[in-house]
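Same chain, two partners: chain A is paired with chain B first, then with chain C.
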Partner chain A sequence: MGTEVSTSPTSLIDQTVVPGDVVLDLSNMTNQTIKLGSGLFQDNDAISAMRAGKLRYTKPNKYWVESSHKRYIPRPEDAVLGIVVDSKSDNFWVDIKGPQLALLPVLAFEGGTRRNIPKFEVGTLLYVRVVKTNTGMNPELSCTDASGKAAGFGPLKDGFMFETSTGLSRMLLSSPTCPVLEALGKKLSFETAFGLNGRVWVHAAAPRVVIIVANALMNSETLSGTQQRIMVEKLLEKISE
Partner chain B sequence: MEGRLANMWRLTVNESKFVETALQSELRVDGRGLYDYRKLTIKFGKEYGSSEVQLGQTHVMGFVTAQLVQPYKDRPNEGSLSIFTEFSPMADPSFEPGRPGESAVELGRIIDRGLRESRAVDTESLCVLAGKMVWSVRIDLHILDNGGNLVDAANIAALAALVTFRRPDCTVGGENGQEVIIHPPEEREPLPLIIHHLPIAFTFGFFNKGNIVVMDPTYVEEAVMCGRMTVTVNANGDICAIQKPGEEGVSHSVILHCMRLASSRAAATTKIIREEVEAYNRERSLQKVKRHPTLAKSVVSGPTVVVKEEHRKSSDQEKAAEISREHVERLKLSSEELRSTKVEEVAASPTNFKGGPSKWDPYSEAMDVDSLKASLASKGDSVTKSSSKKTTNGSGNAEKDAEMSVEEVTGDLGKKDTVEATKQNDGEMTLKDAVKPKKKRKNKNN
Partner chain C sequence: MEIDRVDGRTPNQLRPLACSRNILHRPHGSASWSQGDTKVLAAVYGPKAGTKKNENAEKACFEVIWKPKTGQIGKVEKECEMILKRTIQSICVLTVNPNTTTSVIIQVVHDDGSLLPCAINAACAALVDAGIPMKHLAVAICCCLADNGYVVLDPNKLEEKKMSAFAYLVFPNTTLSVLPEGSSVAEGEPVEHGIITSVTHGVMSVDDYFLCVENGHAATASLSAFFRKNFQQSQRDSSKAG
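Entry: the complex of A and B
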């Protein structure tokens, strides 16, 4: 099954693994509780990867495999960017780049009642939260956080939206701030919304700024931190000429 | 049905508003100028008449094939040209397999008109027997990825494929001069089509009620634009075709402006296509060059090989033994050499040369492809052979033709000295090989 067993858990962390790689050997780690995230499978003492991607670890005991795709699999508590496809009496049909269209109840807004149902035309961009994803059923969304407050969810006005891979979205959402965002933020002022489904929304006062930011973000997926900074510098130089 | 709904690409209100707003300030979403084209790459395939064009994200492949058919009754002296488009569902979620949709038919028609009406391809030269047999050239265009502006990319793919296509040579013969004999490529070089000029298509997108014009629209721009137009021009400035499929009305000054833009760019694009085709043709002709044996000692790139010489009229058994040893010998060389398409000179050490012209006749034997394949498949140990026979004639160097396609190699090489020869062996051919195919050739001729 596995090709090689890692002798210490740190050897494959942040490395690319492929399905079948044995990433952890439990016999070496005694008296520990380990939490396995997505992409890992336990077979007695050997933990092997089920997906291709990077093996990640956070203290104290979480391991998981992270990969980047163009398609999105909805998960609860994910914040995504959806496009309204249709509006029915009690639901909006929203496309979140998953295998199925998602449902957004008309009342799932802060202070939402039957009296003040928002009117979204087809093609409206929404920042929504995934609430439920049961197999066989369409995912359910909400424009409030768990406690019922708006918390930034809702329609996004103006700006520009483009689609990328899920890996890039995650990188742009990571903390500490991604180098490309830092470098751009030093010189330009803009607003962004990142959906874990690979959709990115950028807004700024001038269209020029939006275009610069959008292109910089699109190019930054495979670049390292320093490369991102260099790319942004070059881009800004070119523009200011 | 719902699955398909989920897969569709959707345009947001934000995107369409932003594209329009940015265009007011002459900005395009990918940072291009209004009349800038995306990066164009043209690649060619192994066979004649296959091309692959990438224009930014848009990816199109073109294939040209030809067949002998009966001509149309009203044009008995002309061959025909037909274009088929296939919009693969992998290119765009809205493409369906099966019957071509409206845009597929339109694309085919634009390219067809550009080539046929302007007589870019000479159809009279495609006539073999007037009224009976003509060549029918078929262009297949496969859309692999739709990143916007399929017409331009497909047009370039069609042109690139047409220019590099070679059709078999054929002669009229037979008892009453009515039979057409098609010559295989080994016998006679296939011929290119006669193409008078290259009609290049340029697509324009209109925004803001026709006031803003953009060249080479991307996928998003195509979804947002309110009208479009395609102008097919050649490098001489002749307009070969114009297509404006309804939608927003545009003033005539804008139309003329577009045509001027197109003709000013036609020369540059024609140059790019011709250069790429030139480079490709040069590479292909290098592959075919048969270098004659020289006396110079060449650099050894493979292991040292001792070739056992053999007289041409050796017995079959000996031949078989020789062949197997040769396979082993050839296998010592790296597989890259076997697959290399560069012809390299083979040299024997100067002591090998006994004087006299090479007896190697390039046109009497065919190369045995099967034995080569067998040699590639099997594994052998490195064996050094010692020669045992002496030949009557002087020996030149074995000429190695590295091409895996059936190129004719003569078997007259025959004789070599039984001295350890260091040679650059491409692996395809040895002297012994020349002997073996002789038998096979008889079968082919029958």
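Entry: the complex of A and C
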């Protein structure tokens, strides 16, 4: 028989939680505003976990459950890679690997007016920003940042796109730079775009560079920092022989 | 008087459990669960946009497909699909992704007794792997009643055939909580004492049924602990870089 937890733990922060674990007791915390991120839901006075993952907390008041999946749950201000599936007169329908298709208004570009509407074919890869996500409605996207400038958003030409889990995308986007990217960047020159929805785009002058970078990124999910550097060194050695 | 089981287990002892998640490439969540020789593979796709015709568009919809090891799909499989669908609907939070459909596909790899509980456990693990929001996990167990009134847990195929009656019981898992003991109550009893699904075969008296429920409930603690440990280990393996 498993060991019973006889006394309730005082805090589950930074521990693995499973759906159903009650992580916060609101009756002890009156007069505080708490922000609940993904993976937590409120059941009267108790906050419990909806997903399995690690419970995280940053001051002053943000709690969330961190987990890595193949599907993406859209959140505002996320930069994602979407694929156009249809275009209508008012907006483009874009697939961002979420539960629903997202809408990209035709005028949501820098300097966009009714006269210079961009024409995207079905299958175009776009680097977009999520603007609004309301339950029950399709998420809305935009190709400008909050102040209206292009800031790198828009269609991505050439290159190679592959899909990974959301956890790997978060790791590759973390700062300081991820060790695998540092090690690759020292020897090779390439361009990448990471979407928080688990899509990665790589572009370089030669196809073999693209293949090396893509394989290195796909293999680096479960490796620690030093292991990533060793893997990249071995890959580059093999190639230069 | 002790019951002699063929493989030497005590009446309350479960077969060795094994669970692995994220084993299939295409589905968004997948898991395989085996209890002794019974093994079931579960795959989850979704949530995808749109619901079926007669379903409520303000809630998430679930669809279950049960594939037997051999033979065509018949009434037995449809019944298992319906039981699984109702169980999943009661453990998942349906209001988070309205107007979406999530598909759960169960493939029976080997049936050596206690098949439906094994499938429910596998489906639950696959849903966790896919990140579908859930209120709590479901832990399923098979309890059967021998001729002399003893309750035996987790029978294999031969034992199931010899028993006079058996019941598949599904309970919520035991959860960690920062609340003081006993405060998560629903109508006067702790939430953990609830029961989600119960399917019985054969004839048993009411007292015997409640005895089965008690014994089954006692075993949920070890199943929950196994699930939690399994999940923690896979987290540790995959987050060394984090």
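The rule is short, and it goes like this: the second predicted complex is superposed on the first by the 180 of 241 C-alpha atoms of A that agree within 3 Å, B and C clash if a C-alpha of one lies under 4 Å from a C-alpha of the other, contacts with A are read in each partner's own complex, and residues count from 1 in each chain.
What we mean here is this: a contact is a pair of C-beta atoms (placed from the backbone, for glycine too) under 8 Å apart; a residue touches a chain by one contact, two chains touch by 3 or more.
The structure displayed is predicted, hence computed values, not measured ones.
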item	value
Touching partner for A:E121 - first (chain B), second (chain C), both, neither	first
Touching partner for A:P99 - first (chain B), second (chain C), both, neither	both
Partner chain(s) touched by A:A214 [first = chain B, second = chain C, both, neither]	first
Comparison of chain B and chain C by chain A residues contacted	C
Contacts of A:L236 with chain B and chain C, given as first, second, both or neither	neither
Partner chain(s) touched by A:L26 [first = chain B, second = chain C, both, neither]	neither
First (chain B), second (chain C), both or neither touched by A:L173	neither
Contacts of A:L223 with chain B and chain C, given as first, second, both or neither	second
Contact residues of chain A, present in both the chain B and the chain C interface	99-101
Residue ranges of chain B touching chain A (in the complex, touch as defined)	2-3, 5-6, 8, 10-18, 21-22, 25, 27-31
List of chain A residues in touch with chain C within their complex	1-5, 8-12, 16-25, 39, 41, 46, 48, 50-54, 67-71, 73, 99-101, 135-136, 167, 171, 220-225, 227-228
Chain A - residues contacting chain B, complex	83, 85, 95, 98-101, 121, 123-125, 156-161, 201, 207-208, 210-212, 214-215
Partner chain A, residues of chain C touching it in the complex	28-29, 46-49, 58, 93, 95-100, 128-131, 133-137, 172-173, 175-181, 184, 221-222, 224-229, 231-232, 235, 237-242
